[in-house]
Structures are given as C-alpha cells and as structure tokens.
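Order of writing sets the chain letters: A, B, C, D and E. Residues in each chain are counted from 1.
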C-alpha cells in the first residue's frame, strides 16, 4: 500500500506589528510551540492587509490565511482594526458565498501580552486546515477554463 | 403560566409536604406545575466523572420532555435541582456528553440544553417576583425570626447553577421577607449538613447540624427553612431549632396550607 | 493500580493536578477533614506521583460529602472533589461489589424518616 | 536586481540548536540576486556587525537580509550597521528565525525548512525595498503626567528638575494618591505622610510643574513629540484663586453623610471637602451628589461663611487643550472588589477589613484616630488574623492570576506595628508563601516572627464565620502541622489583591498604548524597555505597568522621567519614513483614503499632470508625511491602487506572500 | 422623446449648456448608444426609447473636463451613480445640467433572444414612457409578439424606485416596474451547500472571456488606471493569462466596488456571456445592509460608505460566518 505523505498545509499569517507580531514573539520567547506550517508576514496594522493579498496567497497555493491584529479598541493607530474587521467580514462572507470552505480564513485579535493565545490560535487553525485538506477551489475559480 | 415539574423520588414519599404545599402555593400564585410524565430518579448526586453518561440520561429525558412542551423545568428538591442543572449544562456545553447522550437516546432532534431549569424559589424570585408574592400574602408570618438554610446543592458550583451568590446568598432571606417574617442571616447557612454520610455516621451529621443550628440560633433564629429533604432529615437529628420546608411556610402565608 | 490508573483518574476527573499551588484552601474548607487520612490538598500529589494504590485504599474516598465547597473555593480551578470522585469511580469500577457499601448492610442503617434521596445518593457515591 | 547579502545568526545555540544554519546559508545562496551569504554565532555583536559592514563594502551589496531574532529586537541595530557601511538603512530586512522559528519548533528538519522560507520571503521583499529617508518633526517641550500619586509626582519632579514644563492631571481633588492613605511604609517603618508630603509640596511649588487636580484626560491626538490633549477640569464650585483653605466651609456644611473616599468609606465627610488635611491644593470641592444646595437649591451655607467669596455654584466643567511632547501614565491601582469572596465575610462583618482599610485604622487621621479597634463595637481586639493572597494568584473567575507583590511585606509591617504598640494582641498570619525579595525585606519579615512573635501559619483560610458573640471563627489549614485550624479572632484583615485603577483602559485606548488582560499597561520590552509603552512617546510609571512597592515605583518614576527628558531634549525627531504615498497618475481624487485616515494626514490638491502625453489638472491626494503614521488603512481603501505604503508596499507584501507559498 | 429634444434645443440655444449627453440611434433597432450632441442639428439622431438602458453617468467624468455645461439625461436609477461619482469627486456638479427622465422599465435584445425572438428588424410599442403591454416585433423570421414585462431587464423587475436622487428638472413620469425581490437569488445561493455554490460560480465564471465590458460600463469602475492594468499589485508575471488577476478578477472587482456599487446592473446587462455579475455585488450589498445597517450607495453625495466607516461593536467575522 502506498504510504500517503502527511499533508503539510501552507499557512500565511498576517500579523500587525504592534500587537500580534509581538504576541507571536512572546509565544516564541515563552517557547509556546505551534506547527511550522505557519509563516508570519509582518504588517504595520491589520488594516494594511488588502483582500488582494489574501486572494493572492490562495492563488499561489496557500491552504489557509489568518489575519491577526490588536483587539478592537486597542489598535495602535486607533481605528485600523475596525476597518480591517469590516473588510474581512465581507471578504470571508463572499468567499463562503463562492463555496470556498469555511475555516480557510480567520481573523483573531491577539495582544502583545497574549503569547498563549497566539500559540493556541495557531494550533487550532493548523488543525482546522489539516482537516480541510489541500485548497483547490480558490485556484480553480477562474475566468477561463 | 405552566411549568414542567420534576418532583423527584423523595417528594413522592418522605417529603410529600414539600411537594403538596408547593402545588397549593403555585395555584394560589397563578401558575401550574405539570408533572413530567414517567420521570425517573435523577440519581441524587451528579456524577463528576467526565466519562459518565448513562447516569445522566434520566435527567436528559426530563429536560427533553420539557423542551418538547416548550416549558421551563421546575424542581423543588435541592438535589434534583443540582443534578438537572448540571446535566443541562453538560448538554449545552460539553460536546462529549451531549453527543454520547443524544446518540444513546437516538432522538431525531438532538437535545442541546435548550430547557431552562428553575428551582421553585427561582420561579418565585425571577418569574413571579418577591414583591408580587408579598402582595398575595394573606397571612403574614410577622414577628417570626427565620434562618435560611441553603446547604450545598442549591448553591454550588455557583457558576453552573447560577442560583445565587454561592458564598453569600440572599434568595431565601428575600423569600422570608416576602412572607412577612424576619430573616436571620448567619454565616453557616451554606455549610454542609453531612449529606449522605448520615447513612453510616449519624453522629457526624448531627455534629455538623448542631454547629449550623448553634450559629443560627446565636443570631436569633427561631426556626430554619430548607428546600432539601436530606438536609431536613439531617437537621432534625439536632433538636436545637425546628426546621420547615420553605413551601410549608409559603402555603401558610398564602392561606392555602389547610385547604384541600 | 498503577501509573496507568493515574492517567485514568486525570482523564475521568478532567482535573489538571499541576495547576495546584498547595494553598490548602480545600483542606481549610473541607467539612470531613478530620475523618480523612489523605487530606484534600494531598490528593493532587498522589495522582501526580501515580500512587493510586494508596489513594484507592484511603478512607478519604468514602468520607467526602460531595458538598462542592472545595470546588467553589479553589483559587486555581483544580477542584479536588473531582479527583476524589474519579478515584472513587476507578475503585468501584475495578472492585465492583467489593466497594464500600453492600446492600445487605442497608436495612440496619435505615430509620423511618430516611429519605429516598439519602439512599439513592449513598448508592451512587459508594457503589455505582 | 539588487545585489543581496544574507547573514544568518546562530544566536549562540538559541537558533543553531534547532536550525541548521549552514544549510540555510547554502540554500539561500541559490536565491536570485543573493551574491553573499554567511553565518556567524552572534550577528548582533560588534564582530558580527563588522562582518556585515565588510560584506556590504566588498560585495557592493544593495540590500541585506539578516536571519536572526525578532526585528523588534535588533532591526535598529542592523539598520545602523548598514548605514555605517554606506547602505541605506531601509535596505535591511530581518527574517525572524528565532521567536518565530527555532524557539517554537523542535524538529531540526522542519525548523530549517521554515527558516529558509522566512529568509526567502525577506529576500523577495528586500528586492523591492527602496531607499527611504526619514523626515523630521518638531518636539513640543512639555510633558503630561496622568496621575498624581507618588509615581506621577516623582516623574514630574524629575522632569521639571531637568528644566522642562510638566503638567500633572489628577482625577481626585488632591495629589498624593494611594501613598497618602498609608500609615507607615516598609521596610523601615517611616511615616508615609512624613516622606510624601514634602514631595507633594515640592511638586506644587515647582515653577515648571502645573497641577490639574480634579481633572481628567478627555481625549488625545497626535503622536510622539506632538500630542494634543484635551483635559476636563471638573467644576470644583470653589474658586482656586480666592480660596484660602481656611476649612470653615467644611466645618459648617450641614451634609456630612457622604462616605469618605480617603478613609475607604470607613467614616464620613462633608459635601464640600478636601480629601485629607495635607491635601494639595488645599482647596475643597463640592460633591454634587451630597450637596444640599445642588440637590434642592436651598442651603448655601458654605457660600455664606466663606469670607473669601470663593464659592461659585455656577462653575462648569472646563476643557483645556494642551500640546505635549511626551505623556507618562501613572494611574496607579486600587484593591479589587471583594463581593465575590463571601466566604471571608467581608460584606457581612465590619470587623473583616482590607489591609488598605487597616492602614486608615492605624493612622492618626483615620476613622479611629489611630486606635486599633473593632469597627463594629469599638472594642480593642485581642486576636487578629491576617489572610494572605485574597484574590491574588487566583486562576478562577473571581480573582487575579498574578501575585500582588506588596502584600507579604505590608502584612509583616502591620503585624509588627500591632505587636509593637499592643503587645497583648495575638497576631496570626495565614500565608501560602512568604515572598520577600528585596533589600532588607526578608530580614524585616523575620523580625516580625523572631522579635515580635507573629504567628505565621502556612495554609489558606477556607471560611470566616461571624459568631453570635461578635467574634469571628476562622477556619484554615495548617499544612505544615497537618491540621485544620478553627480559631476565634476579633478582627480579620484581608491582603486584598490590587488591580490597575478602573479608568486605565479608557486612557490606554486614548493613547493607543497596549494593555494586557489584567489591565496592566504593556511595556515595549519586558526586560529592556520596561518604562516605555510600545507607543512612541508614551511612558509608564508605577503600578499601572505591574504591581510594585514604593521604592520600585519611585525608581520607575525616575526612569520614566529620564526617558521623557531624553525625548524632550531633542529639538527634532526623525519620523518614520514608512508613510503612505499616492501615485499622482493613478489617483482618482475620490477621497476614500481621506475618509479612513485616523490622522487627517491626507489632503487634496489640484495638480498639473502629464499622463502619457495628456496634460490636465487633476484633483489628487497628497499625504502629509509628518502626520502620517504609516498604518496603511488608506492603501486598502484606495480603489485604484494609487495609495501605497513605503516599506510595506503592495508589491513587497505580495512578494513575501509569493515566496512563502512557493 | 420630442419633449426631451425640444428642451435640449432650448438649453443649447440659451447657452445654459454647450452640449447634450444622451442616446443616439444605433445601426439596429435595438441598440441605441450613448452619445454627445454638440449642436441642434446633431440632435436629429437623438433617441429615447425602451432600449435606452445605458447609464450615462459615467460619461459625465469626461464631460466634466470639457468647457461649459453638459446637459445629461438620467433615468431614476442612473442618478444614484451620478451621486456616487459626485461623492468621489469624479464628476463636477457645476458642469452638469441634469434632466431627470421618466422611465417605464427598460428592455433588451438579449432578453428578447431569451424569449425566442431573434433577427429583430423593428419593434413597435417600445416607447420610453408609455410602452405597450405587448410589443409587436418584426423579425427576419416574421412578425412576433412578446409581453413587455417578459423582456424587461432584470434590474427593472427589482427597480429602486421612481425618484431621481439628483436633478435640475424632470421630464416625463416613471412607472412602477418592481415585481421581484432583488436578493432572492442571493438567498438561494446562500442556502446551497459549499459544493453547489462552488459548482454554480465555477460554471458561470468559466464562461468569462475577459472582454472587460463589465469594467468599462461600470460607473464605479472609473479609475484612471485599473489595478488590473497597473503594476502595483503584480510583482512579475504580467500578461500571463493564468495569473492571479485572471482567476480572481470578478471577486476582486466586486470587492473594489463594494460600498460604492449602486446596483445599477449595467455589468450584467452588457456581459456578452450573460454572466450574472450583479450576484457578487448584491451579496456584498446584502451583507453590508445586514451587518452595518441599510445603505444605498448614491442615495446622496455625502454619507460615508460602509467600508469607510465602522462602529466599535461591529460584528466579528466569525460571528458573521455563524449567522451566514
């Protein structure tokens, strides 16, 4: 019987510089592990994340994309995460509408002090993506066949 | 207003008066207790083990029946109250128990903890209102100094039962005020009466109840009120103070005690 | 009983004994403290050590009143009563009828006022 | 195509133990544009930096990637190193292969693979980096201190001594804070007021310090060096300039039933009041809740008796707007609410009190004039029980998970003072651990035991049962003796957990300073930048950052002041060059970006453009880079993609995405 | 129609406007096209009938750059687009003289084809304000009849109303044509399983030939340079047909116009492949209305759109999903 290779998802995590990236640093210095499948991209604020970045990640083969920012009310730039929240709410809803499996996208608010939360969230998210398997739909949703 | 009613084993036998007075009072207050058909004993104690399912099924059935009737489920006995609320919480929040129980019962529509479980006292407080109750009192127990005895099962664990502040409860005191008497507060009102230890070690239970009564009497209580048949049994081992079911005094205050 | 049982007790109880900070509030609170040979705050150590044999033989299992005071007051959410109950369960499951209460001895323990609730609870705790 | 150098740090074994750094070097060498790659045990060391500089010069590198710890640690270090070697500092990218890789993974294969991918993403990004030049902004040479306790006072004094203007905003009628409520202080038993009041006077008298008491911060805008703050001066109904502080109004005021905040509600005060005798300013305020005149329109006694004519019932709240270069948060703490701890009978028995209440009881200006007596019946207690860790170290729904840090020491102080003054009183302390790290601290605690005979029992108390005879039955554990103790006490003192002052979350939000789940403000780095908030220009002083005692608070207050002075000493600040920028040719002038900009940094101009031969005047967005803080909200709102963020451009981020998903 | 021409001539004559933006006859009976008329003579080509569905608002961007005022004829639904463009400073109010024209619902040759009528030569009864209930159509294959309603554009069945949101004067009365629920299809798709949804959209989108007709007609897609044509979002592989934008074109486009799209329906009207593109926009509109309160882009020229506003207690993406 052929041994099926373990599915290692590609996961992109956009983290705001002030809270979540620092939360990820804290998870690191506290040695709170999560799977290596998660790769973090630092952005100044969750509101810097263009839906196009997320779609691009999927198009290039990502299996899951998570956006982490400061808790609502605690944005370093006061209001950035509020805009990000609306944008992502609508984007995720649209992706669900297109039949992309729910759970491939996620938003979490993680403060600089929440190393534990960062690690927990990433572990959960990777589990979820692993259970969903490889992402094919977003790559296949094309204009031309 | 109609409620599903879960009397429990003891109210059928040794604690009939707890039940009878409750039904009479309910009628006087304008609500009806509809006994759940074919209810089974709740087991008396809530099984703490996370892998226990079978022992919770009788409660789940009663809860499900109440849900089907679209009613809240009311109990009088502290133990039933404790078990039903905790099982309900499991069905709502613990997927492992919920899935196993639903699988076992094989119902089409799974039970997800939708039923509201209420102790009779909560009905008085939250549905009727103690102010309303006070208005219906025809025979106020003026001058009586009464100590509320809560024991364990009404209150703990506070977060799941949501009955009252587990360390500093006031619901029975408010009830006592509503029926015209004077509540006597004392710190040991939420200490254990000895529970089932009295089966093996009556003396131990008696010592515990003595301490409770001494504390209550010291603050001027002339009698104690309880909602639990087991507490009643244990407290009666001590002869310092008379003990009544809260429903008895309720029926008396509402003037329906003797009515048949 | 063995290490394996320690695992089982952690599993059944859902308690993480490592959360305990040994403050002793459970023992301070317990109404059955004086009757217990292993005190409430010590349960966690037995489970951590895997010394379930001693725990199983302890009379403390049958002295706990399930009053939940230690659960309510534990500042670390360790909830020793859950460990006790799990140990009791483990013993009952393994020893079956040898458990603490036999039906034969019951009639002698009753009086006319004994409420059903007492019997039912005692049976659940001591036997089931 | 940039010529790129990659530098992989071992960080001793921190990285090298989990990441095969040699393999990272070999793999990234194959990446497009990488002309140099090497590893080194400590890249941040002088030798490591020299290595980078040498490579930049020798290989004529146009961009570098350092694979090391978090950019939050050493990005600045490596940028400076690059700059010294003649490379624009913004041509440096960091691949975080420590916090985000070696420290969280165990498998070397996996970690190495991830490190390579993170390096590739950084390489892909640095290809698109551009030479950025920071701008400059002016610094307003004035500081704001929020909170007038010992932390705020000390910070303000230190800043003022350096010659800068400081304003203190204090929400209560007087500065002084919690320390003014204390009787004695550990570990030397100084009288708290004796050492605090001179500082209060100094602050009030300092020509560079301006006090806004009975005032609160209403809103904050701006950024480091250029904050603009609205301060609400609550109506005192007493004219600060006319009042002589004679106190007659307080004496004559007929409404004396309001609970004294200063005495923790243990006694009452008049409706017009100064919180305590040494209050600064010594100008009373009228509490509208209890003032008869305010409630009914009748009375007006204070106005009649005031010879200075200082009473003014028509006073209104006033909003003052001030500009500051730096802001220090020194909002302090309070004790937690004990409603949930019914087992200790705090709400039931007046003889169960908190330690802070005991401070007032012990104080000569307190409700019992300094006599140790039971608040229920005024009798002298014979048996006092102290309970430690009430609400501290609680990982449940009731308390706080942290150690409040000061309780062990102040309890030893209380026990000692009581035994000293009332040798016939027995003192028992129930403790979980006695924590005494600090100079002369353990000695102090041992004195309580050895010299004063305080009875320390290891074990928590389960319940306090008020008895009919008025005594308290304390049921606790003696874990060392293996006993359950039931003892009678006349008083019980609860070492109640402390928590940040209630309003701090609101203030943190206004300042966009980060705050943790326990409402303590987060420091920029837990070890290396403990008095700075991650928000530039905002500093932390005292308990708002974490539990601490007076000496620690004062040290931190001084440290915060030094940071402020360092900032105010500069005439100009270099601004973050990673600001938004609009491409004139792509801009529609649609104003969407302006709508989402939190800084009002985007304006519009009619510009003459030459769009591939079409010459026209267009309305286009223009970013004021002095105001822009670089959040990027506008870049996503912009429909045409005209708005982009320097340093985090669309193409840069997409390049990272591509590299990771490759 | 004559009334419109008369008024246009008056306004040209008295110098109020320097040109007229309207529709002119096409080469076939059913394809009038947007046109500028620079003088009275040119107006002989002017037409306004039931086939004049085209929204002229977007042409006002160009017109705003020209000397003098432009008279523009706008149907009620077109005025939303005009307002939105006004809000975004793309058109200048002072450069426009808006004559709000009445509308009785518009029809299209595409719809006729769907109803089985092709080779159209002449259509009788397609009056802009007072069309016949039954249209008489001369075709290459003989005379046919068809109910007006049956060939009306989808957007007219879910008409936003008879009121013009902005105008200088109004000529002609409009008619109620609303007889459908514009979110019906959206709800239907929402109720599908993820597999069904995916299959649906994949089959629709796979017909796309990237002709850009949707983009060109869309009043919200008025960027000087579309992001799909700029290098801002692409690091390397332009011109690769399988690139990112190609796959995600419609998703990204829908997101770009979210909060700005007035649901004018032009995208679906002009799509040569009949892809129901409005279903993307309507999903976003439906979500925004549900999550952030009712909002109609272009109802005025001031209110901030839902994506440039927020409240502190907005729904979380996860909650929205649970509801969804």
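Following the convention adopted for this analysis, a contact is a pair of C-beta atoms (placed from the backbone, for glycine too) under 8 Å apart; a residue touches a chain by one contact, two chains touch by 3 or more.
This one's a predicted model, so the numbers in the text were calculated from it and none came from an experiment.
Chemist: Which chains contact both subunit C and subunit D?
Modeler: The shared contacts of subunit C and subunit D, listed by label, come to B.
Chemist: Hey, how far apart are subunit A and subunit B in touch steps, shortest way?
Modeler: Shortest path length, in steps: 2.
Chemist: If you apply the touch rule, which chains end up adjacent to both subunit C and subunit E?
Modeler: Chains in contact with subunit C as well as subunit E: D.
Chemist: Could you pull out the chain whose C-alpha mean position is farthest off from that of subunit B?
Modeler: E
Chemist: Would you mind telling me which chain pair, B-C or D-E, is linked by more contacting C-beta pairs?
Modeler: Between the chain pairs B-C and D-E, B-C carries more contacts.
Chemist: Can you tell me which chain lies farthest from subunit D, using the average of the Cα atoms as each chain's centre?
Modeler: Greatest centre separation from subunit D goes to chain E.
Chemist: Taking each chain's centre as the mean of its CA atoms, how far is subunit A from subunit E in angstrom?
Modeler: Computed value for the inter-centroid distance: 36 Å.
Chemist: For subunit B versus subunit D, what separation do you get between their C-alpha means, in angstrom?
Modeler: 48
Chemist: Rounded to the nearest whole Å, what is the centre-to-centre distance of subunit A and subunit D, using the mean of the C-alpha atoms as each centre?
Modeler: The separation of the two C-alpha centroids amounts to 30 Å.
Chemist: Express in whole angstrom the distance between the two chain centres, defined as the mean CA positions of subunit B and subunit E.
Modeler: That gives a centre separation of 67 Å.
Chemist: Among the residues of subunit E, which ones contact at least 2 other chains?
Modeler: Answer for subunit E, listing residues that touch two or more other chains: 227, 233, 307-308.
Chemist: Quick check: what residues of subunit C touch more than one other chain, meaning two or more?
Modeler: Touching at least two other chains: 69.
Chemist: Which residues of subunit B are in contact with two or more other chains?
Modeler: Within subunit B, the residues that touch at least two other chains are 166-167, 191.
Chemist: Throw together a list of every chain pair that touches.
Modeler: Applying the touch criterion to every chain pair yields A-D, A-E, B-C, B-D, C-D, D-E.
Chemist: In their complex, what parts of subunit A are in touch with subunit E?
Modeler: Those residues of subunit A that touch subunit E are 51-52, 55-56, 59-60, 72-73, 79, 82-83, 85-94, 96-102, 105-107, 137-145.
Chemist: Quick one: in the complex, what on subunit D touches subunit E?
Modeler: 124, 128, 583, 585-592, 595-596, 604, 611, 616, 619, 637, 639-642, 644, 650-651, 654-655, 658
Chemist: Name, in rising order, each residue of subunit A that touches subunit D in their complex.
Modeler: 10, 12, 18-19, 21-22, 24-25, 27-29, 31-34, 36, 39-45, 47-53, 56-57, 60-62, 70, 73-80, 83, 87, 111-114, 119
Chemist: Write out the stretch or stretches of subunit D touching subunit A in their complex.
Modeler: Those residues of subunit D that touch subunit A are 70-72, 96, 98-101, 103-107, 110-111, 113-114, 117-118, 121, 508-509, 512, 514-517, 522, 534-535, 578, 596, 598, 629-633, 635-637, 645, 648, 650, 653-654, 656-658, 660-662.
Chemist: Touching subunit C in the complex: which residues of subunit B?
Modeler: Residues 8-10, 12-15, 41, 43-45, 47-52, 55, 77, 79, 152-153, 155-158, 166-167, 191-192, 194-200, 204, 208, 228-230, 232-233, 236 of subunit B touch subunit C in their complex.
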